[in-house]
């Protein structure tokens, strides 16, 4: 009996957090280990379902880099990266979309629906809701997002699962590959999300001594970038985070996707587990 | 960290129960110790808020016997009980309504709203939604319930808090006092609730050895009444429970209102704590 | 036949007034003799029903002073008045709410519904729609009114019957007693009512010779207060009236509640019977 | 003062009738003297407005026989009647429609709108809502009425003013003239009206001694027709009345349109002035 | 087979035009030969139906001059014209309305409905949607148009067919005759139509050599009027056209109503057939 | 000018067909040459847009066999066919979905949207709207279709573009490959489509002399199958067609996708070009 009461008490401890995010939209960039490891995939699905059931509105933007590389390899198509951004050729954009929208996207959608949610998978070509122009080759820069369309899906109690492919400007254009972090950031801004969460393969932003920094402002990030503490692949992530908060998203979170239930740990417990970024 | 993960795991353990009752209506008869003890009152409010936040739709039907007796005493008006049902005179029905609708009802409403819910207090005279005819004096027998009105309140995301007073049939009729267990049972049937829960000052229905019976059918209850195991004040409760399930409510629960968070323990944990009654 | 035609002619004489107030909201402060005398109660109910049937939207704000004093007396709780405003203790606010919301409010609701209207009784704790802070003891000063909630009830063709109790700011706060004239005035302003009518136990505002003043401006009231013509209990009433018109209510009326059908006489006949106050 | 109270009392006497017909549809066949005499026209307009303002839903079906005859005469087109029904030629149907829809209909619409109602004039060709087939020449027999269309106008708070012309079955068909009594009767049945009222140039149905019969059943009418008491132009009227009640209209009224405010006298006073026909 | 493919190709050639005008409102002034010749009437009906079926929203404003003159003649009522505008007497306004609303309007409505559209015929007295004041006698100048009413009809997928009669300001006022070109122009402006089309009995605006001018600006029209190229009955037409475009209508078209399917030729083929006027 | 009039005449010839299919749903199985040849792809997109613009509601169900075989080949995964139905392994279902949902589906969606329609691409996993069970390996048999979901998309004026993949019954199930003809047939039945059209690489069903049979009944098909005239790959097509008509679809069409604009030729011209199948 004691144990049962403890159970309920734990449940009640989450109530203030559930109240805080009730009917709020949370954009989640889903990628890295969390998207590959079977146990983490299940943990992710359950976390999203939990948010969905308690009245929070998740939007998933997923990546798929490793699997794209794999298929490109199997098809003997060479991949090139430049500053952490994939250089996409006409040949590889088709493969990228095929893998993102035809495999990974539907796998996530199915996982969520089989757990009891109502998810729908889209990319920027559906309703032409996300448009881009050329950045480098077929890697694009978002020029517009139809936030009304995404919010309409949310208002019908659906979970949009979005592959980061934007449409070009002709019936035969193969579309543009968009960096998933950037897509998540811009979509969060376009739909007035309350939070954007980036799942990564690190505990969050670390200081010089490799200790987690649990909260950072724009100013602090600027300093950390200047002194080289924030470097490499973390730079585009903090930039995406900062961009979102500068456009009205309350906070951005960089959390460890390798930890089971990291999303619930970050949103529904008192301390969180990663780095919180605000203006 | 381990502790946090355990916290989240506990949360997730409740997910199947949250899914089961999602968007379902639960009528709760609120009375006894749970309505008097300050700590239990707070625990009740928090339980209802938790249900409300995770998308379950509670309806509260409350009693108020002790406080009515107190006020009647202070006003030197005599009370008489017969078979556990208060015999209500024209003088006492006015006091009963005053206490139920003017003190207890608004106290519950305020408690819930101040915690973050949206509650509204009503009795059968509002919209004439619950009508009765004479049973004994001004104790009445329900003749009709406007379930559409109650469901409309629920569809607007409100928590109806109902005092068990029914209206009579003239502008000057003082109304009828209704047994709160009966009112909860009939309201549950009228609005197609999924469950009806009776908070009592016992652990539930007990067998001859005073051990809790965790599940009972109509047949079993009949036998227990015949052999005297179910007796006294428990009889009208099991009758109210049986009446609800016979009219389409899935299950009725008789649980211990003296235990903190008994509602959540019953609905959101795997074993529950009281007696479950089904057809 | 002649008589019948006269009947219809009388009916038609009211047409311009019905047109003037069609779909308009009228807040009525209901108190004094009109709330005690059985014949006047019936007359009030019929007046409200008439307004309701011809498409005018009444909102009732009621007092209950005498009955509260009575019950406080019966319970041996002392009452103290100061400048015509009851000084409310923690003990007496509970009794006041009990009487207002549990007896008087439901009696009015029942009276209206049994005549064919659709009324619902509320106080400030319902939906926390009227909030207050301390003025003197548990007599409060309104800090906010959720006009949208009241207008939603009106748009559903309901008659809100409001007891002048406001909620405090904690789950255990007993609430605040609000002067009913003030509550009517502020509610009228908050819901953009066209008119506010105060039923009193005088013919209206009188001049030095005790003759009725049928129309008064803010300037004239200022003078009458300065020269002592308006004095005593009439002061808070004209202040409540002026406050409403200063916040956009077209006119306020102070009329004699002791006259049967005084509301219809004031609104649907050409001269009216009381004092009309405008800016 | 006494007079004013009498005024209000008269108003209140109509309340039970207003309640009875609240939100109910009343079809009124408007014709005869009431359509010609200037004072009666004004009286008619005011009656309809009164019904409209108190929440009753009038539908006007008008005739125009005399004016049609006049214009046909001015244009030297011969008219022929047969059993009280105009025999309509291709030439005269065009004139009939012109007069009915182009003059009389719009005059009624304008009269009502200038008094404060919202009326719209239609005939059977609008939305093809009333179709007919040949009876004699271009006098038709209704084959279908789109009751949903008329009820949609009513639900938008409009007063439909209907000229009794039905459409034929080709783009060039001039349409059919419909007896206005029949049209009123059939429209009342098609839209589930509560009552249908025929304004005539007689006090109602009279007995052998020329005394008014205030209430008649189908059986009684049958007898009165057999013994010749009901004869001539009254026959099609009682037939239209009986047809309506046989199709679910509660009652039909034959009243004296030459009496000012005859509609209000019939509907909103206790005895009425004409003949009431029920099944 | 070749022919069939050509057929489909022709259909597809209209696609860009259908897309351009999709869900757009087009006001069409219908008059002249197109309203008299049987073949042209049929052609007009089919054109309107085609627009309606492909999602374009037509509004018809019709004249009726010749038929009014005819009837006035038959009734021996004299007609007088002044600057191309009929001088309307009290006697003739009644005949004008009778012919316009009672004959021509309903004929158009019937023609459209029998082809499969949903048309409703109105004039300014319906809902008092178009009001005017005196210009000369009973020829009026529009003072207000209730564009919301017309747009509501359009939103219900109806085709409003409007006779150019405006209401006056009393229950007995016969209304005002409005020049149909002016009415079309003002209605187009009031409902934010995309285009206004004037059907005339000329190929459009012609230059000195009687060659069609396919496109004209305000400036060019000014010059053509000054040098006398635009003269006579064409002046009020170009003025109505210019007035519409100055109030936000994209373009006005003056086209030859004597050519079958002139409306479709102008709107759904690449070059059009008449004169296009823009700011 | 003559040519222009001919153009408009052609347009008008399609009017009866546009009327016939107005607001009706047409399911189109898109496959074969029409999906590969660039010119035919463009022709298909334009046909769908034309239907969409004139108010007809297309639903696309596409195949993708050749491209799947190509990718499987490039990845060295063997394909096996059995009775014209691909035998799908766990390895190949993933590739099939990737190609269908990630490449072909989005290409069609983009093509339609860039032409001005509003299309959205889905497969059975979205909203779990199409479920299946095992037929042979990962080739499935449809067990349920959520027609309400597809009709909701249509009611929002969207064109659903559906890849024939159904979901299985677990979060990790890769889904089932569904024969596209069967999927089109079952979807047409589930959403009460008016017609289902199968684009093929033949002119339709041919008789023994290789002449096109323009219309066939169930009985005739049975005979043609028995005598071997209908054989091979045509068998599953006529079976899919018959299945749809047996479930309430008015007619099924088997037409030649190799002919440009075959869909418009079949639906909007008088004779059609393929084989029409009805019960």
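Read from first to last, the chains carry the letters A, B, C, D, E and F; within each, the first residue is number 1.
We adopt the following convention: a residue touches a chain if its C-beta (ideal position, glycine included) is under 8 Å from a C-beta of that chain, and two chains touch if they have at least 3 such contacts.
From a predicted model like this one, the values you see are computed outputs, not experimental measurements.
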Each chain counted as touching subunit A and subunit E at once: F
Shared interface numbering between subunit B and subunit A [over half = same, under half = different]: same
Separation of mean Cα positions, subunit F and subunit E [Å, integer]: 44
Distance between the centres, which are taken as Cα means, of subunit E and subunit C, whole angstrom: 56
Interchain centroid distance [CA atoms averaged], subunit D/subunit E, Å: 35
Gap in Å, rounded to a whole number, between the CA centres of subunit E and subunit B: 69
Overall pattern in which the protein chains touch one another (line/ring/star/complete/other): ring
Cyclic chain order - from subunit B, heading first toward subunit C: B, C, D, E, F, A
Subunit B to subunit A touching residues, read off their complex: 1, 4-15, 18-19, 22, 46, 49-50, 53-55, 116, 259-261, 264-265, 268-269, 271, 273
Residue numbers on subunit B that touch subunit C, as the complex places them: 38, 42, 45, 71, 74-75, 94, 97-103, 105-106, 109-111, 113-115, 118-123, 125-128, 158, 165, 167-173, 175
